[in-house]
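Read through the structures below before going on.
Two complexes, one shared chain (subunit A), two partners (subunit B, subunit C).
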Partner chain A sequence: MTPQTVDVLVIGGGATGAAALYDLARRGVRALLVEQNDFTTGTSGRYHGLLHSGGRYAVRDPETAQECIAENTILRRITPFAIEDTGGLFVATLDDPADFPAQWVTGCAAAGIPTEQLTPEQARAQEPALTPNITAVYRVPDASVDSFDLIHGFIAAARTYGCKTLIYHRVTQLIHEGDTIVGARLEDTRTGATRIIHAACILNAAGPWVSVIAGLAGIAVEVKFDRGAMIAMNMRWVNTIVNRLRPAADGDILVPVGAVCVLGTTSVMTDHPDDYRIEPWEVSKILNEAEAVVPGIRYGRALRAWAGVRPLYESPAAHHNDTAGRAVMRTFSVLDHAALHGVRGLVTVVGGKLTTCRLMAEQTVDVVCQQIGVTAPCTTAREVLPGATTRYHRLDQRLHRLEHGETPGELICECEMVTRPQIEQAIAAYGDQPVALDDLRRDLRIGMGPCQGGFCSYRAAAILQEVKGHSALETNRAFAAFVRERYQGVRPLLWGHQLRQFYLDELIYRRTLGLDWLTGDYDPHENVYAEGDHD
Partner chain B sequence: MTDNAQHLIDLTAFTADHCLKCNICTAACPVASITPLFPGPKTVGPQAQRMRLPGAPSPDHSIDYCSGCGICTLVCPHGVRVMEINTQAKAQMTATHGISLRNWFLSRNERWGRLGTPFAPLINFGLRLWLARWFAEKAVKISARAPLPRWAGYTFRGWWKKQVRQHPRPAPASDAQRVVYFHGCSTNTYEPHIGKLAVAVLEHLGLYVEIPPQTCCGLPAQSNGDFKAARRYARKNIAFLVDYARRGIPIVGTSASCMTAIKGDYQHVLGLDDPDAQLVAEHTYDFMEFLAKLHREGKLPTDFHPIERELPYHAPCQLKAHGMGRPALDVLDLIPGLRCWEIDADCCGIAGTYGFKAEKRAIAETVGKPIAEQVEAASAEVVVCDTETCRWQITSLTNATTIHPVELVAQAYGLTVDRYTPPVTARQM
Partner chain C sequence: MTKTTQTGSDVIVIGAGLAGLTAAVHAVQTGATVRLIAQGWGQQIVTPGWISVCDRAKDDVIAELRGYAALHPAHPYALAGDEGMIDCLERFRAITKAIGVPYGACVKAGHNLRLTTLLGAIQTPLLAPASMVSGDLTGVTGEILLVSFTGWRDFYPALAASNLAKQGITARAVLVDAPGAPQAWDLWPVELARRFDDPALRQRVIDQLRPHVQNAAKIGFPAVVGLEQHVEALADCTQQLERPCFEIATLPPSVPGTRLSNRLRRWLLRQRARVQIGHPVVHGIVENRRCVGVDVGALGHTNPFYADQFILATGGLYNGGIQSDESGRLWEPIFDLPVKGPGGTGREKWYHANLLVHRGHAVHRHTGLRVNTRMQPLDADGAPVLDNVYAAGHLLTGFNPLTDGCAEGIALATALKAVQVALALEAQKSY
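Showing the complex of A and B:
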């Protein structure tokens, strides 16, 4: 295969990589983004949806707080289609330290975060679900952001400038010429085929995997992996983001995003960038903490749970004795390996927040441009992404579009209101590339509602078969893979409502549709499964 | 769990949390199966509910095609209050876009009944004119085929006042002998004989009947999304009735739909769940439910004259919503010779004011077709039904005479009232 040449190769299809691709595109740089899975499958997709005002960092991490409020304002301007302007509240209860609100107000003022004190009555008039035990409450300009829409927006905008992307390709080798990285060898994770990309510079935005990439260049980047679990509740218990007004701890945010309310998070140090375990104590902890702010929420329907891994980084110069995740600053670092390690052609960005993804991209691309001799300044903060709508996203938009014929056709995913033509278009967008149902989930949210794919997964599988001309076995396997994936999300929450739903779904999949027989994984004579599907 | 939390989870909107998408409600919905204009109770109910912003206008107008019959709520195995969610969304729509002249008109039936009474002959004549109906359909979109009631020319309340004046009654020894009768608007102005028979039956049972001031139950306004008016009516009724409820005096009514409004909708649809509303709800009974209860307690005299008839019975959706079985059939079963059989159909189609609307009339007629077919197959001339609009609808679909079960009970007790010819007579012994 003939090597392909680009100016810059961006590694990582998360928020930072996507924003960097867009930034490079606007500076007239020919760039290619490579992602080992689908876009938004790493930390950015395993996210709670909070566009920080910075209030959460106002006391302990003023730098991050300042970055957050500045970027919050910019993202509202340039990516309104992904943002719902819910506003945010910081709520202190009787259980929280009484001296904290005063420190916090000072911190916010210093960081430039506007706060407005409300009376508990005002707060409860706005959010009736809040506890009566409020001691102090402030309004801040938090918002909720759909990270899938945000990243797709950046990618689509970069494409309008001619930049390209390659998903399901993993970087297996960096190509050296002396002390300079000149390209990378990529492997197609689905076919095993390899290809070589030559680039004047590589931008390493691989999130928790940055040290793996840097390692390919023989450079050690010490990343701490901080795992956090989140739970999506079926209904929007609150319509304003609710933060606990206390020093950051487990389970102190409630984020209304889309049709759900996300409760988060925990902070557990782990050794692996892809450790997505959720331990039972995490589920209990999150629900109990949320219960203190919104009484009764524990008894509501928890839809799915997931975990993400925050890549935390502290430069070797910094001295911190405390190694726990929350103690590490949430700001980011751009590592110019030419200056630090004498290796040209590789720049790594690590740490940070989704809220600051644009700023991280800007500063990293500045270093990259310096190396490749591009002098064009960053212009990403200026205007709405090309091709995107300029209105804030709103919860009721999907219902409105469906009702007013803007999304015609049969309703396939009823919970998330996705129609057949939408699915067909999404499949077509992959061209001749393979498409998994889980890719369509990230594109369209199919299977993410209350029934967790119970009613739409087999319909979507059938459409995929029609459009792609798959064999029956391929279709059944795609269906089975999706069912397995969804099961991962409900497994930590199998009680009450979701247990009922799960049982109904199982009866549909396994009894009515005979999924285990269809995929050839189950031997009815031996009553065994060929693969460990039932973990 | 604190009371606050329990309260929130019990709110109608939060019952959408229980939906497993099983489609039982959609399969049972009488409207969804016959028109593509209504995507079904699950779709516009718990499903759409997740996508609605509280306080924001509901973007889905197809919800207007929900008839509000409540069968969805009844069949849901998980406790989703589907119809209630839909009605609240409709109200949100009305609050945003305002109420149409036609829906406003249909919501104020109580007013037209009262104001029209002195002009009954004129109105009754006028409304039977083809031209008048055609004009009403074109101008206000009230279907020319919809069954309109006849004004009686006098009001039940007027009759009662005169009755009390002419025949003063000794006050009972205790509140245990008192009963409050809620007549509803239809009985007051269109079918006063039902009220007169109900009073006769209650007095025959030795009860001291009280008929306090009352207004429209609010259901027509509620179904048309006018919650402001519905709540106004509801609050008035609660104020009129709460003292009786506090004294433990049962409140009984012959319109099963009015009674379901007081019993359930005030709380679950209109959101009035203060202690007074609950107290009134707890003491409210459908008339036949009350008789069935007395029978269970051994307090219902069963010295009925035989009625040798076989009659079809239709249980209105609003009656089913009480979740009390079929008390009318239980009581009518006690009458010797009388064999009432239940029509195998869910809804007659009228659903309060729904079937009066021009754009919905055809739907209402198709929904009611199975009833018409069974009544015709049985060659029945009389159909028994607990709710007025259902009776009018069945009459318009079948040409049969429709009666309230109290008419049979009164006959079997040998009770008669003035200006009333029983369509079914008991054999006097």
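Showing the complex of A and C:
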């Protein structure tokens, strides 16, 4: 294949990479974004959905707090379609340190975060599920943000300016000319085919994988991996974001997103960027902490658990003490490897938060533009993304569209209200590229509701077969791969009601459909009562 | 509040699944007065509707069942005994025939049926509603025509046809317009089945199908061909299209299971049994190791109901007969009977890493009550806990209803055995 030439190659299809692509696009730079999986499969998609007001960082990390409130305001302006304006509450209970609220109010004021004190009665009138043990409660401009919608929005906007993207391609090599990086070799992770991209500069926004990319240039970037688990409950226990008003700890946020309520999170240092384990103690801890704020929630139905890995970074110059997890600042760093390591053509951005993705993109693109001689300033903060609505997302939008005939066609995923024409359109958008059911999940939310794919997996697999003309074997495999992936997030939560739900799902897969016969998991003549099975 | 005096029944059956409903039928047939109390309908509302007895049997199922108890002493089939197994199946066929939802078997006597699923896998239950038996693939050489409806989300016959082709069965898919309003975006199987009850709506489907029949040997529909008039509806299709028409189990809710449940309930009511579905039994009233009654939940209070014998058929983890929590605790909510679990700490042994692991997940195989041959729940030492409470169905431990191909067989066999024991005891006491 002949090498392709672009001005800038962006590595990483998360929030920062997508925002950077959009930023480059608006400055008139020809850019290509490459992602090793699908968009949003890394940290950005393994997210709780909280668009921070900054309140959470007001005491310990004022710089991040200021960045959050500024960017919160900007994202509300430029990407309202991805944001539900839930507002947020910070709630202190009898168990929390009594002197903390005063420090927090001072910190918020210093960072420019508007707060409004409520009486416990006012707070409970707004959110009746809150504990009666409230000692202090404040309103802040938190919101919930759908990171899939946000990232797809940036990507779509960048495309309108002519920028391109390449998913399921991994960077395997950086191409040097002397001390300058001039391009990258990419491998198609599904076919193994390789291609070469020449670029005047590479923007490394690979999140937890930035050190892998920098390593290809012989540069060491020391990233700490901080794993956090989240749990989605089957309904909106609260309609406002609820933060615990205390020094940041495990399990102190409740975020209403779509039809569910996400509880988060934990903080566990790990050695791998793709360590998505969830330990039983994390599930218990998150439920117990949520219970202290919303009594009864731990007896609700937990739908799904997932973990994300936060890439944390402190520049070697800043600190030498052994900090980890929540003690590491959540601000970000732009590493200009030309200035730092004498390697031109590569700029890395690391750390930060989804809330500040646009700012991270702006500052990184500034450095990139300096290297490639582009002088256009950043304009991403000014206006709503091209073609996007100026209204906030509302929970009832999908149902409203369905009931008013705006999304005709049969309902395939009842939980998330996705219709057949929507699925067909999403498949068509991939052109001649392969499409997995999990890609459609990230595009449309199919399989993300209470039944976790029990009913829609078969339907979506069959539709995918019809549209793409797949063989039965390919279709059975796609179906099985999807339900196996869904199972990974349900498995830590199988007790009580969710165990019953999953029995029904398994009943559909095994008995009603016989999927396990067709995938070869089921051996019809094996003796299931073999030795050792009875005790 | 004051307790109203209740006239006790001979038997209270708790649960309206296959075990509870058939236990009530058996008890009524012996002349006992029966009250059936259940929180809701059982699993037959969501299962495919067929009767899995020994799906993995290679040849003659009945022959295999005759040696089952000796080979697998810990399996619930051993409780029913070889003759009890065969007896319960014959009784089930008799009662389903009597109530107008006849169940049939393979023409090759004693062999499992071979029925296609929506996906085109072949399942091998022993009995099935007659509407499914006509789709038995045993010895079929001709082409199968698979029918679904344009814009209906629950059956994609082309996928089934391509999977069947891999297994040597020729099938062809056709889509026709659904009977009734075509724009329904949320069309459930039971709603579609109601439309098939209407001869005029049905006729439109039949007329559309005529040109597609061609060389088809059989015509398969999703299991929505009629709810109340289903026998007539399918006979109508078969007669007009001049081919055996059959039904294929759909995604839940199960129309065949709904037909069976409705008709069993009506039959029980006609026999003057009491059938209360919708309120849970919240706990048993126990005096000196005997259950004298059960408290049934109502708005803000409970109502007691009294009887001499109690059949506990509340189901397993799915049905609520056994409850579980995050810590890994498993309990039986009505009598707090001892529940056996998969063992280990917490929930660590409950689920395998592979969703589709061929033996299924340990939590379903190992969780349940242990009973003696009199179907009395046992404590950890193997002694019966209560004298007049008999457990039946998926409440029992020792099998996996999702993988072992015996889910309905266990319900039928243990329900019959429980009634036989309970009423024999009753006879001893009375005479």
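Note that the second predicted complex is superposed on the first by the 517 of 535 C-alpha atoms of A that agree within 3 Å, B and C clash if a C-alpha of one lies under 4 Å from a C-alpha of the other, contacts with A are read in each partner's own complex, and residues count from 1 in each chain.
Simple rule for what comes next: a residue touches a chain if its C-beta (ideal position, glycine included) is under 8 Å from a C-beta of that chain, and two chains touch if they have at least 3 such contacts.
Small disclaimer: the values here were computed from a predicted structure and weren't measured.
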item: Partner chain(s) touched by A:Leu504 [first = subunit B, second = subunit C, both, neither]; value: both
item: Which superposed partner A:Pro114 touches (first subunit B, second subunit C, both, neither); value: neither
item: Contacts of A:Trp517 with subunit B and subunit C, given as first, second, both or neither; value: second
item: First, second, both or neither for A:Glu466, with subunit B first and subunit C second; value: second
item: Contacts of A:Leu287 with subunit B and subunit C, given as first, second, both or neither; value: second
item: Partner chain(s) touched by A:Pro408 [first = subunit B, second = subunit C, both, neither]; value: second
item: Touched partner set for A:Pro128, first subunit B, second subunit C, both or neither; value: first
item: Which superposed partner A:Pro3 touches (first subunit B, second subunit C, both, neither); value: neither
item: Of subunit B and subunit C, the chain that contacts the larger number of subunit A residues; value: C
item: Touching partner for A:Tyr487 - first (subunit B), second (subunit C), both, neither; value: second
item: Footprint overlap on subunit A, comparing subunit B with subunit C; value: 402, 411, 414, 455, 500, 504
item: Interfacial residue positions of subunit A with respect to subunit B in the complex; value: 128-129, 131-132, 234-236, 239, 259, 295-297, 299-301, 394-396, 398-400, 402-404, 411, 414-415, 417, 449-451, 454-455, 497, 500-501, 504
item: Complex contact set, residues of subunit A against subunit C; value: 280, 283-284, 287, 298, 402, 408-412, 414, 419-420, 455, 458-459, 461-463, 465-466, 471-473, 475-476, 480, 483-484, 487, 491, 494-496, 499-500, 503-504, 506-519, 521-526, 528-529, 533-535
item: Complex contacts: residues of subunit C adjacent to subunit A; value: 46-48, 52, 55-56, 58, 72, 74-75, 117-124, 151-154, 156, 158-159, 162-163, 165-166, 183-187, 249-252, 317-318, 320, 323-326, 328, 343, 346-348, 350-351, 353-361, 363-365, 398, 400, 402-404, 407
item: Interfacial residue positions of subunit B with respect to subunit A in the complex; value: 1-2, 4-6, 8-9, 13-14, 16-22, 39, 42-43, 47-48, 50-54, 56, 58-62, 78
